[in-house]
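So, here come the structures, one by one.
Each of the next two complexes has chain A plus one other chain: chain B in the first, chain C in the second.
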Partner chain A sequence: MKLPHAAIVAIAGTAVLALLPLVAPPYYASLMVPFFGYAIALLGFNLLFGYTGLLSFGHAMFLGFGAYGAAVVAGVFGIKSFEAVLVLVTLAAMAAALPIGFLCVRYVGIFFGMLTLAFGMLFHSFLFKFYHLTGGDSGMRVPRMNILGLEFAKYNKIEFLAEPFYYYCLALLVIAGLLMWRIVHSPFGLHLRAIRDNARKAEYLAVHVRRFRLAAFVISAGYGAIGGAILGFRVGLADPELVYWTQSGQLVFMAVLGGFANFFGPIVGALAFTLLQDQLQSLTQYWRFILGAILALIVVGFPGGIVGLAEGLRRRRARAA
Partner chain B sequence: MSALIETRHLSKAYGGFLALDDVSIAVQAGELVSVVGPNGAGKTTLVNLLTGLLQPTSGDVLFMGTSVAGVGPVTLADHGLARAFQLIQIFPQLTVAETIGTAVVSRQKKRWRLFSPLAADGEISARVRDVANIFGLDHRLDTMAATLSQGEKKLLDVASAFALDPRVILLDEPTSGVSTADKHGIMKTLIEAAKTAGVQGILLVEHDMDLVAAYSHRIIALSEGKMLADLPTADFFADPRLIETVIGKRRGH
Partner chain C sequence: MVAFANILVGGVFHAAVLFLVAAGLQLVFGVQKIVNLACGSFYALGAYFGITFIGYAAAAGMSPWLILPGLIVAGILLGFIGPPIERLLRSVYGRDESFQLLLTFALVLMFQDVFRFIWGSNPRSLDSTYLIYGTITSRDFSVPVYNLLVIAAAIATAVGLGALLQRTNYGRTLRATAENRAMAEALGVDVRRVYSVVFTLGAVLGTTAGALVVPTAAASLDMAIEFVIEAFAVVVIGGLGSMRGALAGALIVGLIRAYSLVLYPELEVLAIYIIVITVLLFRPAGLLGRPVV
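Up next, the complex of A and B:
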């Protein structure tokens, strides 16, 4: 009942994204690359927020792990395979998330949020101040890498991003999405949702509340690193801006914009944000002002976000028919 | 043979205030034991100590002979102690099937299955249906818990505790918030369900002396943190002064 509907949405969405580079100019296709990065990161972010009930204000830290990890693995160590980079940064982010999460998940609500924010700021200052290691405010170069062992040397950067890398990221999003779909619909995912709804009651049903919060934190860190590696690859730079707390806020924004109560909400949010930002930036220098107004409107008027709004309309149409 | 659950000289102090003072109780297999007492007698503190939520100041809590003082509710639930709450506790955004399923996943030790689809696990769904059946919730399996009636929420709260297949169940005022007419109905359902589920002992914390009289084998009376009595039901109700203490003070509040 539920699954076919979700499957139709997923297949239709993937098809539209797959057709886009054929009809849109390369600039637009390359603009979509950050969307894939954010969408994957948000899948993980929402396992923590939408499914486990923990709102992290420091998640850009894991984007940073991905981008700086790519710079270190590909730039410093010279391992130019993007697959190797993805595996390494994911493992590194998850390993780092273990002690950080261990401390953070002892708290919930605003205290969890503030603690994640603090760790995010700490990581940002590290990147900013340790100039000789991280390049400080100028960041670290992320060189062009091979994907699936292929160099695509004939393509210039925009062409490369608009075609091979675009499809590569689409495939990554589909795989990451399928995996996450399995996770949230597993017995493990059920326990996470029980924790979100009522942690006290969950404890009495032998749900390992703290360990599961930690597991969700670690998994979400892995997703964040994959997203960050894509973002770093696109810009060619791992920049401390990527880790600044406003980036963490942006992740929260995207999740709320799309609707964190729905599996696809954060993906829709990432898409809407990417397109909105691009359009607004070309229209006015006050684009942040407009984004802020939109966020306020969503929170007050449509707490379910874009997906919640669409679902409401669909249900109303179904009732009318 | 050791008792299912027992406390030995259990005391709990909050700062200078002694909430529980040298309390030794035991629930044997096959027993329904009630804990009664006026407000502030220490019933809640006792429950929180029994479920491992609080660390005792002195004394011990034993579950089937093993010390479980302060181990926390998760470990105790794994051992086989279930608790139904005084105030209804539900998962608002989970369906009835998912709520019961949460306990079944724990019981069947499938909690770390990250990638296996829950819906395809016949073992889990069969057990969920069985438990829902016992509590008359089988026609509600796909209903969101938040939208259930108050009575159904109460049943669901208890049903999820039963789904752990506990050896002992701790019922903390299981009929609070339920109309007087329904109280006996719910108690009968609970006791019947306990038998079906193989629960060996029940500890009931209850204000309603009608229910206590009707269903307990033994009654433990607490007052101001101290044990006042531990008597078979008939002997307890034969002592008017005891009833006066337990009920009289309650009316005074």
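Up next, the complex of A and C:
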């Protein structure tokens, strides 16, 4: 019963996203590119937060790995294939996440959050201060890359982002989503949920708690790097702002906005946040205030987020019928 | 040697301000178990309001010598924002830490735009009126007396807080509530009131720190998010919930910043986070905190 419903939602969502560039002006289609980046990163983030119960407040670090990784691989080494870049940054982020995660997963709750925050800020200050390596506060340029070996040289940047790259990112999101669905619904995912709900009991049942938490951390890092590479490609720049702690807070914001208890929640959150931020920014320079007020409202009144709200409505209607 | 002394005073001055904000963070965390990210916003609020307050006071004919007491009054006046914000936070007591963090993060976002709305996007500063207190100079060594007065004020606050918490009945009530909320409530402590008072006190520590620092540095929109992260480093190094820890942590962070700025600027912030991570890994309770179970 549960799987068909999720499949319908996923297929309908993908279809709507696939049709969007045909009806929406190119600006909106290119606006969706960061949404894809955030959505992929949040899929990974939620494996850690929603499914394993570990709140990372330094997850923007992995966005940074992706964006700076793309800048180094494509800009410095001159490898212009985006697929190669994605593979390399994902591997690099996962390799870096292994020792960091090894140290972080010894703790849970607020201490895990603080440790990840500290690592994130460590990376940020490295990017910010080592000017000759990282460009300091002006960041590093991410050059335009080819996708699937095709240059798309006749498209300008906006057209490129709005059409070929849009579909490319949509495909990436679908693949990443399917993969995450498999992960979450595998025995491995069940282990993670058991750890979230009762770590001690899971340990009594011979689950190697730390090893599973570490695995979730490493996987989420890989997702974060893919998201970061997309973000960096879109802006054409990897800058330290992407790694600052407020960016990590924004990731948590998106997850909670969509509803972290649901598989699709983070994707919905990324979409809602991207559209909301764009609309508010064009309306008023005080958009942060409104976003903050919305966040406060969700935390206080609707902890299930948008998806939780929608499900509540659906259930009420079902009861009424 | 002379440079050494200059840097030392600079570092201790920074530590004094850090201590005030971190003490507010500690108080709120110790009693209410909430990590208040908005404490940096209180600090920024104090800074902005301090500038406006001194501007009005000077226009009304206040002697420039009263700038220090004036700023302290400005900081304390801002205490009135404590109770309503505490009222908002009441909805997340006892809920998941992620929600508590997010609600205070929401406050950070909102405060930033409130500052932008009232004081504009450009950094604001008082001109160097604080030099009216003079400067102690001997050969190359020179330090504004104002900075020493702020250090003295922070020491006085530390002593006062220590006396309040350790020596008075109200301090015992606070510590009892921190230790075991349910038991304190059962013994007749008005916990709601205690929470409101503690949060307001924490806010006042932050706003006063901001007001005191503003004669020497400009108030800007980024100061809230930059300072809260430094205060966070202080409490982690010192130990969450420990007042002595806040003092030790503030000194460590303040001095490291001051020295690394001179010796090896690239390491300025990096060094602090390396210490934070080391402390968290080997002594997660912090240098002076009680061990976590």
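The rule is simple: the second predicted complex is superposed on the first by the 321 of 321 C-alpha atoms of A that agree within 3 Å, B and C clash if a C-alpha of one lies under 4 Å from a C-alpha of the other, contacts with A are read in each partner's own complex, and residues count from 1 in each chain.
We adopt the following convention: a contact is a pair of C-beta atoms (placed from the backbone, for glycine too) under 8 Å apart; a residue touches a chain by one contact, two chains touch by 3 or more.
Not measured: the values here are computed from a predicted model.
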Return first, second, both or neither, reflecting whether A:Asp197 touches chain B, chain C, both chains, or no partner chain. first
When both partners are placed on the shared chain, which of chain B and chain C touches more of chain A: C
With the two structures laid over each other on chain A, which partner does A:Leu55 touch: chain B (first), chain C (second), both, or neither? second
Determine, under the contact definition given at the top, whether A:Gly292 touches first (chain B), second (chain C), both, or neither. second
For A:Met114, using the defined touch cut-off, is the partner it touches chain B, chain C, both, or neither? Pick first, second, both or neither. second
For A:Val300, is the partner it touches chain B (first), chain C (second), both, or none of the two (neither)? second
If we overlay the two complexes on their shared chain A, which of chain B and chain C does A:Leu179 touch? Say first, second, both or neither. first
Name the residues of chain A shared by its contacts with chain B and its contacts with chain C. none
List of chain A residues in touch with chain B within their complex: 3, 179, 182-183, 185-191, 193-194, 196-198, 200-209, 212
Note which residues of chain A are touching chain C in the complex, please. 49, 55, 57, 103, 106-107, 109-111, 113-115, 117-119, 121-122, 125-126, 128-130, 244-246, 249, 252-253, 256, 285-289, 291-293, 295-296, 299-300, 303
Residue set of chain B touching chain A in the complex reads 51, 72-74, 77-78, 82-83, 85, 89-94, 98-99, 101-103, 105-107, 110-119, 121, 124, 157, 160-161, 163-164
Tell me, which parts of chain C touch chain A in their complex? 35, 88, 91-92, 95, 97-99, 101-103, 105-110, 112-114, 116-117, 225, 229, 232-233, 236, 240, 265-270, 273-274, 276-277, 280-281, 284, 292
